[in-house]
Amino acid sequence: MAYLHTANIISDFPPSHHHHTSAGPFVQHQITPYTNNGGTILGITGEDFVVLAGDTRHSEGYSINSRTEKKVHRLGKESSLVLATVGFGADALDVVETMKRAVEDYKFHHNKEMSPPAAAQLLMTILYSNRFFPKYAYCILVGIHAGKGVLYSYDVVGSYSKSGERRAAAGAASDLIVPFLDNQVELKNQYVPYAWEEEIPVQPLPMEKVRRLVKDAFTSATERHIQVGDGLQIITVAASGVGWGVSEEMYELKKD
Amino acid sequence: MNHTPENWGRPRDDIYGFYDKSFLQNTGGAQQHTTRPVVTGTSVVALKYNGGVVMAADNLASYGSLARFTDIKRIKQVGDHTIVGAGGDISDMQYLFDKLLESVLIKEEYQNDGHALRAPHIYSYLARVLYNRRCKFNFLWNSILVAGYDDEKKPFLASADLLGTRFSSPALASGYGAQLAIPILRKIAPDEASVTKITKEQAIEAIKLCMKVLFYRDARSMNKYSLAVISEEGVDLTHGVALENESWKFAETVRGYGAQTV
Amino acid sequence: MFRNSYDNDSVTFSPQGRIFQVEYALEAIKQGSAAVGLVSNTHAVLVALKRNAEELGSYQKKVIKIDSHLGLALAGLAPDARVLSNFMRQQSMSSRLIYARPIPVARVVNAIADKAQVNTQTYGRRPYGVGLLIAGVDETGPHLWEFQPSGMVLEYKGAAIGARSQSARTYLERNFELFPGLSRDELVVHGLRALRDSLAQDKSLTSANTSVAVVGIGEEFKLYDGDEVTMWLEKVGDVGSSRGRTEIEQPEASGSGPTAAAAPDTMDTTD
């Protein structure tokens, strides 16, 4: 069994705080409480909407556990909050469960939906409260706040930017996707043709463009990264005038 | 001065000389948790078909490379339409099956209100137990598969392991099965849609083939296994099923391990 | 006030075998405004009359959602109901978290029944001063339960608690045989008519003083408060108290109500 000879897949993270050294000539078998289940998540905001996506491959080492495990979760039936988690699957799901429960509890006690800034701070608290035995879950939280799409991204111990971000990617292929977003969303290194070093101004992208970028990012990541593929779950949260809507699109990715 | 718990109440070395602690069970820390599995079971394999799920696990419990027990039941029926199969540490499995699940079932039965726990509920419970134990650094050293029907009465199959990792798929296998059985099973069940085209007989045949391949290649396996078929009528669980049409003919063609001359 | 030497605590029986503190707690329910619950084959409905202590104040919350498949109406001490409902929410969330299953209605009801019973048998404690009607849907269908501070719980086809609830109960007793086959809307209308019968003279059901809640098979618990209640009151038609009237009102005359409903042949006119 693979786990009987546990390979230290995540040797760099987290730094093991659980050192047992046996006196004998044998190296004692050591289990890690973490594993890496691969996958990637990606979020991009527009003016009055936000898109959050994740592939549906769930893997461990070279094995594909499942091709249909979703990483993007709505936090409440009537809430605009959507949370995507990636990293160690069990921790990731636990963070989602904890958040869902908190959002539900909040509604019971205050008779209104939790706002994205409140949820963002709560998520930071949850992650940081596990500072010395971290939940190995990289998170991207999105929602609609005051008619605008907002996005927050976190490291595993909860650091995030209170003012939110325009876009974020996390997980296995984030290294591949982030530079692509720099170029396509932040328009880094893009200049007006035939003009002398005149940068193209950054503007909020239309929804269709964002969805196309998301698909392009994932099809490319699927080509180059073994842990990314199978399916793509794209959730769009839109503040359409008076109300807002949350919609889900499933998009096929290569299964090799 | 050593102030760790195992030294509490012991004579001080600096006054009374070295204290022989060799009789103590552990000298490393306050509490010892399972750090490795001892007596183990190998793969569990399962496949959904149109109307149910088929699961199999052999009857061997190994002590390292020793085939220690050959009549171990690693699939348990839980309620009318649910089964749980386990690999990994046998004592942890028996704790899960005979202590935890049994008491959950008894409590549910005592309510006597027409409600019964089904596969998704049993799965959720077990995955939570495994995850809670890993969070306490006190693993239940198992990998389990739960099969039955979901809330929409569709076939249900999901996996959980000692880390609390959970996932679901039309075909699942733990241990060596993940390497050897999954390619066979995914050929006929690549996705959820294909499950509706698989008959019960085809599913049983595929699972039996997997058990044979596993016996050929997994050194911690045996040729006797438990086979469970879930259908609307309930669970048909048979222990001690013998491997059929076993043939080692292929072995002569295997190259690359020994000192072949050709 | 009536006193005797056997009502100082909730652990002492009177020679007649009564526990007065528990009986007083049951009286506390009657101090609260009325709540009515009823079930059909597909739905469970709660309706309740809200009181405002004074003009400047808001109306007391009478219906509390517990989970998407479960809620309750209360009569009596609202703070006690809040504590009980918080406990029910915890039980409900645990069930979802551990077993991924909405808690069966009877289980969560029995859980608060056990809590209440402890208070009737422990020195230094007082029984809960609130009665509850719990409406919910689970795998075995829609359910309506009544909870009492004594720790007693019973399942009902229709039930009413609180001030002047006897009149509502009379309405339910006369009409309950219709309930199983009723549609969602018809069931609510019957609930409101029963509630109307418990109104004090010269009072009527208004969008400000009435709460309506519906839960059904495949339909989440939905609470209607304020303006949302208006549509329901329109379906009822005459929303005024029938107390002190000489004529017997015919509910069908309103035209929008369920036609299957038989009008009560007499109305309780005592207060």
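Note that the chains take the letters A, B and C in the order they are written out, and that residue 1 is the start of every chain.
Methods note: a contact is a pair of C-beta atoms (placed from the backbone, for glycine too) under 8 Å apart; a residue touches a chain by one contact, two chains touch by 3 or more.
Just so you know, these numbers come straight off a predicted model, no measurement behind them.
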Among line, ring, star, complete and other, the chain contact graph is complete
Heading the list of chain pairs by contact pairs is A-B
Taking each chain's mean CA coordinate, subunit A and subunit C are separated, in whole Å, by 45
When centres are defined as mean Cα positions, the distance from subunit A to subunit B in whole Å is 31
Subunit B and subunit C have mean C-alpha positions lying a whole-number Å distance apart equal to 49
Touching two or more other chains in subunit C are residues 97
Flagged in subunit B as touching 2+ other chains are none
The subunit B residues in contact with subunit C across the complex are 111, 113-115, 117, 120-121, 123-125, 128
In the complex, the residues of subunit C that touch subunit B are 97-101, 104, 106-107, 138-140
The residues of subunit A that touch subunit C in their complex are 77, 97, 101, 104-105, 108
In the complex, the residues of subunit B that touch subunit A are 28, 35-37, 40, 42-43, 87-88, 131, 134-135, 137, 139, 143, 159, 161-169, 174-176, 178-179, 182, 191-192
Touching subunit B in the complex, subunit A uses residues 1-4, 18, 20, 28-31, 33-35, 37, 58, 60, 63, 65-69, 88-90, 93-94, 133
